[in-house]
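Presented below are the structures under discussion, each in the form of structure tokens.
After this come two complexes, each holding subunit A, first together with subunit B and then together with subunit C.
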Partner chain A sequence: MAPTPGSSRKRTTSKQRKTISKRKTSSTFTASDVMRPVLALRDSMRKQRKAPTTLSDINIQGVLKEVLELGGLFVRRRIESALADVARSILDGRGFRYVVPTRSAGNQLYVEELDRIVLKDKTSVRAFANTSTVRKTAITTRVMGLVWELCKKRIHTTKRDLYYTDVKLFRTQGESDEVLNDVACMLGCTRTSLSVVASEKGIVIGRVQFREAGDLIDCTRMGVGGKAIPPYIEKITEIQSDADFILLVEKDAAFMRLAEDRFYNKYPCIIITAKGQPDVATRLLLKKLKDTLKIPILGLVDSDPYGLKILSVYMSGSKNMSYDSANLTTPDIKWLGVRPSDLNKYGIPDQCRLAMTEHDIKTGKELLEEDFIKKNEAWYKELELMVKNKEKAEIQALSNFGFQYLTEEYLPRKLAQGDWI
Partner chain B sequence: MAPTPGSSRKRTTSKQRKTISKRKTSSTFTASDVMRPVLALRDSMRKQRKAPTTLSDINIQGVLKEVLELGGLFVRRRIESALADVARSILDGRGFRYVVPTRSAGNQLYVEELDRIVLKDKTSVRAFANTSTVRKTAITTRVMGLVWELCKKRIHTTKRDLYYTDVKLFRTQGESDEVLNDVACMLGCTRTSLSVVASEKGIVIGRVQFREAGDLIDCTRMGVGGKAIPPYIEKITEIQSDADFILLVEKDAAFMRLAEDRFYNKYPCIIITAKGQPDVATRLLLKKLKDTLKIPILGLVDSDPYGLKILSVYMSGSKNMSYDSANLTTPDIKWLGVRPSDLNKYGIPDQCRLAMTEHDIKTGKELLEEDFIKKNEAWYKELELMVKNKEKAEIQALSNFGFQYLTEEYLPRKLAQGDWI
Partner chain C sequence: MPPSKRAAPAPAPAPANSSSNPKSKRPRTAAASTSLPAPATLKFKSPAEFFAENKNIAGFDNPGKSLYTTIRELVENALDAAESIHNLPDVSLHIQRIPPHRFRSMLGMDAAPHRVDHSLYKRPPIPEQTTTKNSNLNNNINNPDSHSRPRHTANHVFRVTVQDNGCGMAHDDVPNMMARVLAGTKYCVRQARGKFGLGSKMALIWAKMSTGLPLCVTTSASPSAPITHCVLDIDITNNRPTVISHTKSPNPKTWRGSKVSVTIQGNWTTYRSKILAYMRQMAVITPYAQFHLIFQSNVDAADSKDLEAIFSRRTDHMPPPAREVKHHPSSVNQLILKQLLGLVKPSTTLVHFLSTQLDSIPRSLAVRLINELGPDFTSHMTVSQLQLNHIRQIDALLHAARFDKPNGSCLSPAGEYNLRLGITKELKPTLVATHAEPADVFEGHPFIVEAGVALGGSGMKPGINVYRFANRIPLLFEAGNDVVTKTARDSIRWNNYKISPTTDRIGVICSIVSTKIPFKGTGKEYIGDDSDVIKASVKRAITQCCLQLKTKLVRRAAQKDAAERKKTITKYAPGVAKALVDLFSQVDNADASTRDVVDKVQSGEITKETLLNKLLEHVQQIDKEQAIEYASATGRDHKKTEMVYLAPRAGQEAYLNLWQQRSTKGKHDDKASVSSTVRLSLLKALQVSV
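Then we have the complex of A and B:
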């Protein structure tokens, strides 16, 4: 199923170009041809013995218990219990203090079996009667109070709004944001459980229906613009779909092409983009769709280190929110394209390739050291090729062969050949 | 109807704070109280003699004719006719050349009667047999060829995709983007007519239904996330609505609050945001809604120079696309809030106000010189107050009084008092 990236690194001759464009204009694949490898992947995925996905599935010591997605009532109970602990601590003579899990890089661990970053069990004491921690202790208390109120009222707010409820205490939004993550970690729940959300960026279109806050949303009937992914994932319920795969797209330009061509009509799929860096809402929706529907996810990103980084955030999580990796990460995303080896394979002309900057190359080399790349030989090879050739390309480079080359040729051929890694 | 910004510039005392929060918690307005001033505004708007909205309505010389929103077939005809002109020019012995309207600042004019910027009629010659213009001439020809193809295929593309179809010629996306505007201007049509779109950013929710590419979209049933505004406005048809006003929101945090609280259920409105700087798709939708429904637009932006700038882009257009101001601008947007005078009026505490930076103050002073501010005395006064006090505030600053203060107190009171300018 793997592609043959080995096609010798030569400039495509005009004869080769002709062959490619001949192949290009005569789409010989039927829709069922195209879908066969995807269906095989889906079935093999479903047959697979469930891989360990929680820390309790594997035998590992010295790590923090996973945080849970909790309802408002449970969050309130946990806040009350945290405050009861504080009261006990005062009565015991140890003073007003919290014990907070450490979230720094030194306390993070990549777990290969789970393919994601988790937190180790180091904690630190946040005491009120200590000049170095008094402010953070006060902020922690205030944040818990505000979250308790949000849960009670059953409403959500943004990090910015939260900051503004007590600017005098928080001083900068960075401080309230940081403590918000600490509180989630301390209470053992996801940040979303705290009813504080980031802004929404992502859009979805294609073969999926769900209820959102009671409204029935049919993503096959979302015109060409698609549905904005809501910031509150728990409002999405009753997911139904006849899609055979999820197409995860890095950029909205490609999304627009796919949406206008109603790609999902011919090839049953759900198309998602976060328009660049994945936001929490998009990551949560992706995970929810994957868990519910059990269909493969194919990633379409730029052929550059950032494309890979984006896939890695969906798969292994960002370091900043590693305490919540269980809920935010979706392992086993297939890298469909645009891959460094595609550039020669599809004869992307030189002028559509971009030279990697010093910074790109540095980022690429750093990625080669990352565990999630190392453990996947095919990915490692592709990245190695990119760094060696010092060339990158955007998804849009495919437009060189025509505006609809992406939807009418590139993707169908990729799918038909099972050309993902 | 105007507010009383004159309330003396004193820090709110704790007693005043108490009064405010007392008023705050006892919403004494019924929904019909709140809506009365808006309905009056809507009716007076509808009764008004139609203000001149096109250049032909007023007597003005030396300006370029307005560009039109054209269908693909007409765009193709105009391209063919432009090329026929070139052929004639060659036969006449003047060589391969285009006559292109000048789009530089010197050729722009603010027309007070229309309340927008238009282009004057200066043109420049772009000749193939001239080293300084040969490249632009070639690019212009190529862009017209590509646009012709898009119109023929009835598909859309992004500026980025367009650039990638001939990277060798265009070299940078800036060049193809520039020429794209030139071509629109030359052909006398909007850039959207050329089937080249920017990426979508905006979202809409509330009391409006329409068809988008055939699909029926009901924005009262879009959950909490709303509907992504499509990049191709002409796909939106059959607009129906029982809304009494449009609430134009600068930021998505405020949008989220309004959407979750289903503000539009109690106060019939359509809520739109472009998440910051207005993009073309959002501006087009706003104009289309206003023209179709003839309801007032109330703007809710940050109390800083950028909030005003954002309103001005919706109203008077951006300078870069002044050739298309007729289609992109929506005059007569009311500034609802957050206005500099609101900060004292609503007792926004000091710590929620931000000091304006040097750059903010400079931008503010520049705005004071702009025609669209000068001609509106109330706006001018507010901006003057802002620059004098050197203070700004975000919409989120209202969260200081509670997470739902915006939807349950601030907006209802503003509406009930007709407190817009």
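Then we have the complex of A and C:
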């Protein structure tokens, strides 16, 4: 059913001919053959495991202290203390001001020992008696009041809900979201500690069981839709799994294919997607799974600069939330595919490849300058190849060989060959 | 010979059809012999014929555009003539619609055309006076077909008369200057409005094509010379003037200047706005000139749309005239080299030739160049010894070698001062900034870019309005591809300068002068954006203007801010007070560190009101401090400066000669009031047209 990859190209290179012949035999792979390299990777990972380094272990000057996961009472105390300062300052006739750690791109630092970005210690002062900052200070005060109330009542709310409590003041959800991050930074706690969560975005399916607020969840019995990743990570307990690896998928469509084909039954794994850029809940779950199960994570993303960016957010954190990178990042994700070198290796036909736009190329070149790419030579080479060929391809490009090519041919062969970097 | 656009009898401009030139013949005959059908007879074409057939090259695409171009050419000639003798230009433009019956009588046919076979005609006869509103209405009611016809197809006959106070023309030169295509005094390296000696001749050719009526010239080359009257036609086949009458009359009023009048077909309705825009922009770039525009529709009705506009002189400071320069070595080609070699004596040495006939080559450099050329060349060889290949070698070396850049001192830019005056005078912006870039070089020709950016003002649409000038001529067509438009639209980050490119009314005025403007296309209507040097210069000039504006805008915004800051800040105070009191009133078993505040709130010692009042006091105090700081930083209030009128330094009599002749004596006594009423009528006319 699948057209020969060479047929649409004018020349069939010897390399491609080799891949065709290989493909004929690939279906003979047994599950144990396929899993052998993965298991080897898992074992070597477990062997060389060392205690994770924290920011306090390495001596770095000029960075912000790591934020902590705090209980409701502690958050309340911190808010009370901050606002008491405000009240005193007002009563002294000095107005008031907040000193907020800057979260802009200029205040980020990639720390190689930690393999993630952390926030530097630059701060900005937001005074009430200043036209350009008065709004932010008012919003900050209000948000702290709301968070305090949530902590007192021990309930959670979504970011959207928070925004609707005072639409007139916040104007857009973006503004209340931003201030929420600022408040977390100021108080030195994680955003989840503030009892404000994002709505569910990520899904998980596969060989894992856990209890969510006491209820048993079995992710092998979630139909084909998967289990929505709950935003309250602290309510997930008793994780049990016989999976040998975690497959991180960028796109919903690829996830559906894997779920429907019950990929995890043949090759024991957990499949996770955040449908694009990962939210906090997905990143927290991934970290928790990795820390508990100690199994390798393989990434399946589009062969474009954004696919790499998504991997980088999982691994070294987003700039917006770098203050909490310690809790949100999961280092050492292997890039399984779709890699720029796969395009020729698997003979992806021309009509499935897209020309990179100016913007893509610019993003690609900027990525080449990033420390986390430079650090990994194999990744750097792949990205260089992408920018050089100016071609990108989505995971769906593999559907050109048949809808199930991904689950029946591509992934098994990649796994069997240990073809990750 | 004063260098004017009016063409002089060219000493030896070999016409292209000259049969003495064997070169032009050869390729043609070769082409004829290869073509299979019966050998075509070899024909020659005069330049006049060529331009008559390709009149769109010179801007005569259709009757409307032809009217515009005719006016344009005549006005530019008038300006050149006046500037050549350092007279402040005084140009009057008179456009008269000639009603069909008058036109027929001018041609000597008195009866109205009588239609017998009506099926022969495309359209029913157009009734007279279609331009009046009432008849339009009637037409619409009676005949829906003719709904828009009178507006768009109403080509009429117009007499265009332009009078100036310029150098005038010598009696004997008039026929050749006015009626021989491609004859002129401006075939040299010099910044000039016109170059090819084509303008007035094209107007005549168009007159001949559309109405068949000749061109009338009245001129006097000096106050003491008699006045020449000349009626001219052109012999297109031979590119030769046909003199119908050529007489002299006494000049008792010691008048100097010219008056040219042509009768052409045109379309005022569709091109009126263009013509007015042209005159207005010309007034922007030439604030030292006085323009007087009269349009007479010769329709006897109250709403005849007659128009009179005076674009008054605002300064008597004229830019220094452009100087002729020698070719820069990097701008020559083999053809120019050969021409230049032909102009010097055959005994001239090559060293002498290079160092005297080309710009930027001192004698020492000429010697070095000749040494570089190799053994075929010696420093004492004469130009007569040069073979064709020698010239090729010289040409190649001149393009490869490094020379000093030609400097811009030969150019005559409008001047930042004049540009600013012109902009304030005509566009009346609320804010204006101007900047002149230093001279730069493109393909061996120096150029200077001057720009102005105006905000607000009359007749500006929201967004970017571009006013382009090349060698001090307004460019009105093909704006989309022009370097200035593209730069203003794409390369300037307006928002960085506190200007909104979509809602603010921005006028971008850009004047480029050069010894050779790199026009694109045939129409000389726009400058392409492929020249990086020019593009960069334009961008720098506009950016500089924007920077000047930014400081002003920021200051204004700060003023506005200061006025509103109290309001903005106090708006948020109640919310803050409420949030704090609400929170602390609910706290139970507080920490030691916050106990003081919690207790005070819960005991009612601190209420919303106390917090609010304290906050407002603080804001008030900060406000005062900032007001003092602001006042000490910026000084007194800038708004109080007044606009002053700049009185002309020269006595009025010096340049009002034309006016006195034209108007009755009582009129010029209160000229100022007249011009202001005229302005009003122009504005009204513009509003009606919109």
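By definition in this document, the second predicted complex is superposed on the first by the 361 of 421 C-alpha atoms of A that agree within 3 Å, B and C clash if a C-alpha of one lies under 4 Å from a C-alpha of the other, contacts with A are read in each partner's own complex, and residues count from 1 in each chain.
Everything below uses one rule, namely that a contact is a pair of C-beta atoms (placed from the backbone, for glycine too) under 8 Å apart; a residue touches a chain by one contact, two chains touch by 3 or more.
Every value quoted in this text rests on a predicted model; they were computed, and no experiment measured them.
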| item | value |
| --- | --- |
| Contacts of A:P231 with subunit B and subunit C, given as first, second, both or neither | first |
| Contacts of A:A87 with subunit B and subunit C, given as first, second, both or neither | second |
| Contact breadth on subunit A, by residue count: subunit C or subunit B | B |
| Residues of subunit A contacting subunit B in one complex and subunit C in the other | 149 |
| Residues of subunit C touching subunit A in the complex | 561, 564-565, 568-569, 572-573, 575-576, 579-580, 582-584, 586-587, 590-591, 593-594, 596-598, 601, 606, 610-611, 614-615, 617-619, 621-622 |
| Complex contact set, residues of subunit B against subunit A | 149-150, 153, 155-158, 160-168, 197, 199-200, 203, 211-217, 221-232, 235-236, 252-253, 256-257, 260-261, 275, 349, 351-352, 394, 396-400, 402-404 |
| Residue ranges of subunit A touching subunit C (in the complex, touch as defined) | 77, 79-81, 83-84, 86-88, 90-91, 93-95, 128-131, 134-135, 137-138, 141-142, 144-145, 148-149, 152, 169 |
